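Here the structure is laid out as structure tokens; the discussion comes afterwards.
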Amino acid sequence: MLNQEESRKDLGFGTKITSEQSRLINKDGSFNVRRVGDSSLNSVNWYHRLITFKWTKFLGLVFLFYFILNLIFASLYLLIGVEYLEGISNDHQQHPFWEAFFFSAQTLTTVGYGRISPTGFWTNAVAAFEALVGLLLIALATGLLYGRFSRSVPRIRFSGHALIAPYLDINGLMFRIIHERDSELIDLDVEMTLSCLDVLPSGAKTRKYYPLELERSHVNYFPLNWTIVHPITEESPLHNATAKSLNETDAEFLIIIRATDETFMQQVHARYSYHHEEILWGAKFEPMFDTSAQGNIAVRVSDIDRHRSASLNT
Amino acid sequence: MLNQEESRKDLGFGTKITSEQSRLINKDGSFNVRRVGDSSLNSVNWYHRLITFKWTKFLGLVFLFYFILNLIFASLYLLIGVEYLEGISNDHQQHPFWEAFFFSAQTLTTVGYGRISPTGFWTNAVAAFEALVGLLLIALATGLLYGRFSRSVPRIRFSGHALIAPYLDINGLMFRIIHERDSELIDLDVEMTLSCLDVLPSGAKTRKYYPLELERSHVNYFPLNWTIVHPITEESPLHNATAKSLNETDAEFLIIIRATDETFMQQVHARYSYHHEEILWGAKFEPMFDTSAQGNIAVRVSDIDRHRSASLNT
Amino acid sequence: MLNQEESRKDLGFGTKITSEQSRLINKDGSFNVRRVGDSSLNSVNWYHRLITFKWTKFLGLVFLFYFILNLIFASLYLLIGVEYLEGISNDHQQHPFWEAFFFSAQTLTTVGYGRISPTGFWTNAVAAFEALVGLLLIALATGLLYGRFSRSVPRIRFSGHALIAPYLDINGLMFRIIHERDSELIDLDVEMTLSCLDVLPSGAKTRKYYPLELERSHVNYFPLNWTIVHPITEESPLHNATAKSLNETDAEFLIIIRATDETFMQQVHARYSYHHEEILWGAKFEPMFDTSAQGNIAVRVSDIDRHRSASLNT
Amino acid sequence: MLNQEESRKDLGFGTKITSEQSRLINKDGSFNVRRVGDSSLNSVNWYHRLITFKWTKFLGLVFLFYFILNLIFASLYLLIGVEYLEGISNDHQQHPFWEAFFFSAQTLTTVGYGRISPTGFWTNAVAAFEALVGLLLIALATGLLYGRFSRSVPRIRFSGHALIAPYLDINGLMFRIIHERDSELIDLDVEMTLSCLDVLPSGAKTRKYYPLELERSHVNYFPLNWTIVHPITEESPLHNATAKSLNETDAEFLIIIRATDETFMQQVHARYSYHHEEILWGAKFEPMFDTSAQGNIAVRVSDIDRHRSASLNT
């Protein structure tokens, strides 16, 4: 009984997600799950957020934050008294607020030209504090930029569809992947699991998970494309499956890829899923690499989806 | 004989901790052990300390350090002679000490407005030294902030109690966990060990460790809550155990969780323990997630402790 | 049939690279493959590029970028009006453009001497922006320099040739390696695969891969040189092979080395290949280390290629 | 024959180090091996050097480098002409060289007070260059300081001697270890290998390696001390060994410890060796931890070497 449970291979989603037409894994690899009821900011991993934001959003936030911080400090300087900012009064080209604002910017960035400089205890104290804040923020930005840049994000591109194609004298479920980056991934492992609904004797629905055996689940190198094949043998849970039966059982094919990014020898991880409507029956991938006369091999990344129809073995 | 020893599975606490009512693992996951007799500062890992301090404490220390450093350098400048700080004398709004203090702050942060500037060999030399010290400290702060931010601290929340609940046609020891962060943990492994006192034939007490077999000890993904179950089969060391017997043998359930933080594909580790008085007999966890009509799944983090009483199988 | 496929051990190059005289792995360890058809800049991993450039190229780029950025900001300041740069006009030793250029440099690096300082809203705004840009670039440079420095690049030197040498009472394919760095590599694993062309019954060529069994494929430490030996037993795919047969089948020996860099306990990885013309038949490596009278051991790195001819066992 | 070789378990030192009285592993864990004959600076891993230097040496180098760099730039400024450093001439308290020197320091650290400021193209150009150099050096220092601090160096202390002590009804070779830091090591694995000289039938000496089976080679946690025991059973290579026989065969006990530093979940590694004269025959370790009445456990680090004589089992 225990062994039976152990072999169920559930991946962590459990058996109780039985609503149909809902993906477990979204197209971007994230889970279709929200955590609620814990509204505290505490649960947000800010570092994680800040390094996964888009670059445009990240830089926008940096500039906004810089602007607001200068507004605050400028207000403080005005509050203490503009007369404690020496060098402001000799020309009236500019409103004192903006003079204070730019003095704040010069302090926060530690440029400190000195045309305007603080006098008096409080203005000096605020400026000394602002300079320290500036340095800590620079330190933070340095860490964030390093974190953003050095994070090894694999750019594995999956074919848009998985195909049911002839494979040797049977058929196979196939998809293919390619690495879009100019760095190398090595030691790739791939796992594919079929998630589908099953009806219990009681009539209740339960979600089941079936690992799918692959023709090859590991490669050492990944310089070319890789076509991953689940041969539909008699032992396969897909034996006798049809487009209709996959639809009825709300079938989803969950894919995990683990690899090592060679630049930093760092583990990377990619998730993907093909929902049943993304399966093409009776199609075959076209080759996507050529060898030139000089022996150079060229892979055409944009051809990853090229396929033609093919009659299935029966 | 050797094999017998090998199978004892001791975790590293040894058999000689026989005082009752003492936890091996505290509620925060730390060990209930102090290292003494090596008073040198050498044994303190300062980096470790500085990145594990609370943020408030860390920032407080930074500001204190900045203040003290400026006090020291200000004293040095006064010692050499306030007349070597050019620009100080032209207004007497402020005591020379504070002028020196803020000059020091401007140097340490490399703002260097220049209203006050060093003249003379020694003041210049001290200022040049201070600027270098400032830069090294900024470098340090950068490293510390990066270390603090990028350290992957899993926020696994454990249910407050472990329950003895009905499980299939027997009973089980159950607790549940959830990840409180918005980043993902993958590839979780969990181990549970029972630590309890045993009486040797000689009458002496010895501490023994029993690994507890789990219904499932690994999940690939952790988007929802996970209920970890030790089925109390006939082979279980808990077979025939009662609240009283656990109390008498000073039972403690030690839990290790290993996982991978997906943001950086970094290994993380969590420890927890349930002391015998934290076990509830005859209770059952209530579900803590819902699926909406649109197929979205929502987990209520705050419901982790919700349970109701349930009669045990006998 | 599936098992047969599984055991093919293909490494990730596939069977269809059948042009002769083309290496799969270049002498620098890179793959002889280009990815084409995805012209977007998106596919370039800039961080990867910037940290793998040569130091001279990297520093050259930094200086060029600094120069260009100052050109741009100088132009902006001139556009707004040179009269808003206070302090410029009092001597005419220098063209206003260069004054603006150097003012820009002082702002970008946050030196901010203040002899020239911005007045007016727009000049101040541009300067405040430039200082922020400067800081972000410094943050970036910090990350890149750290990334460059801390990246653990093993410097494993391979003997220029692989030798077919007498080994015990048979022969062996041998090459040797040494670590050129003063840091230590530990836990080395080595794999060697023979890649060669085979003719199918249909007359078509296919590329096959044969793992080669090694005398020893793991060492804990690597303080000396290490000679890696594939003994040519009767089970070896090289049994009965000759220089001619290797040439005809376009044989290439692919080598993977995995190790741990002890300084950071980081995984490192090296690739190498010997093409058939880099095999010497009937030669033997000369020893490359000595033990002094005092028991000190000295390895002569430059002797890695030293060998003498030796008659093979038959 | 191959299998025989494979089982030799050589660690990477080979069989040819046959000089007596030479350690393979020094007391600090480094190898007793020099790499020679490759005089190029290329082979030095500067990052490795700079982060493994002692702190005092590292900081000394930083200050020296700062001093020399300022000397060089000061000379350059003087060469171009002291008259291009505006602000120097108004007082003659100080020699122009030192004024240039401190101006350089203010530029390199980007303090830039501005009392002295560059005029003229070349002085400005050098200053702009120096400021960039300064920033790159700060970036470097930041990386180095982070590297130094964040490098997880385990501080495992080994007992000064290994003991031959009574163990159950036989004897055992024992040593003990403790972690001197306040951070935690988890998942420790230990391996012990006996390295000794053997005489071949030909009369030549060869070095052999025997793995020693341990009572326990893994612990999950390491909060206390850990006594590692090789039981001298009849299968042990130490069966019938004496102090004299170990001396004659130049015996050395090589120890590898692998663990995970919990603060960063980083792999760490320690090496140690006991040479035959560091073995005590007939001694037993004294306990080194106490449990207080309140159930707190205290380990006395300084007691690691405490032992008393004990008669061996025969």
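For reference, chains read A, B, C and D in written order, and residue numbers begin at 1 within each chain.
Operating definition for what follows: a contact is a pair of C-beta atoms (placed from the backbone, for glycine too) under 8 Å apart; a residue touches a chain by one contact, two chains touch by 3 or more.
Keep in mind that this is a model prediction, so the values were computed, not measured.
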item: Pair from C-D, A-D or B-C with over half of its contact pairs in common with A-C; value: C-D
item: Subunit C on subunit D, rotation in degrees - Cα superposition, rounded to nearest 5; value: 90
item: Same vs different contact residues, subunit A with subunit B, by half of numbers used; value: different
item: Between subunit B and subunit D, centroid-to-centroid distance (C-alpha), Å; value: 27
item: Chain centre separation (subunit A, subunit D; CA means) in Å; value: 38
item: Residue list for subunit B, restricted to those that touch at least two other chains; value: 106, 110-114, 138, 142, 146
item: Sites on subunit C touched by subunit B in the complex; value: 110, 112-114, 142
item: Of subunit D, residues touching subunit B in the complex; value: 62-63, 66, 70, 91, 93-94, 98, 102, 105-106, 109-115, 138, 141-142, 145-146, 149-150, 155, 168, 178-184, 186, 188, 213, 215-216, 219-224, 226, 231, 233, 260, 262-265, 287, 289, 291, 293-303
item: Complex contact set, residues of subunit B against subunit D; value: 1-2, 5-6, 8, 10-14, 16-23, 31-38, 42-49, 51-52, 86, 106-107, 110-114, 117-121, 124-125, 127-128, 131-132, 134-136, 138-140, 142-144, 146-147, 151-152, 256, 266-269
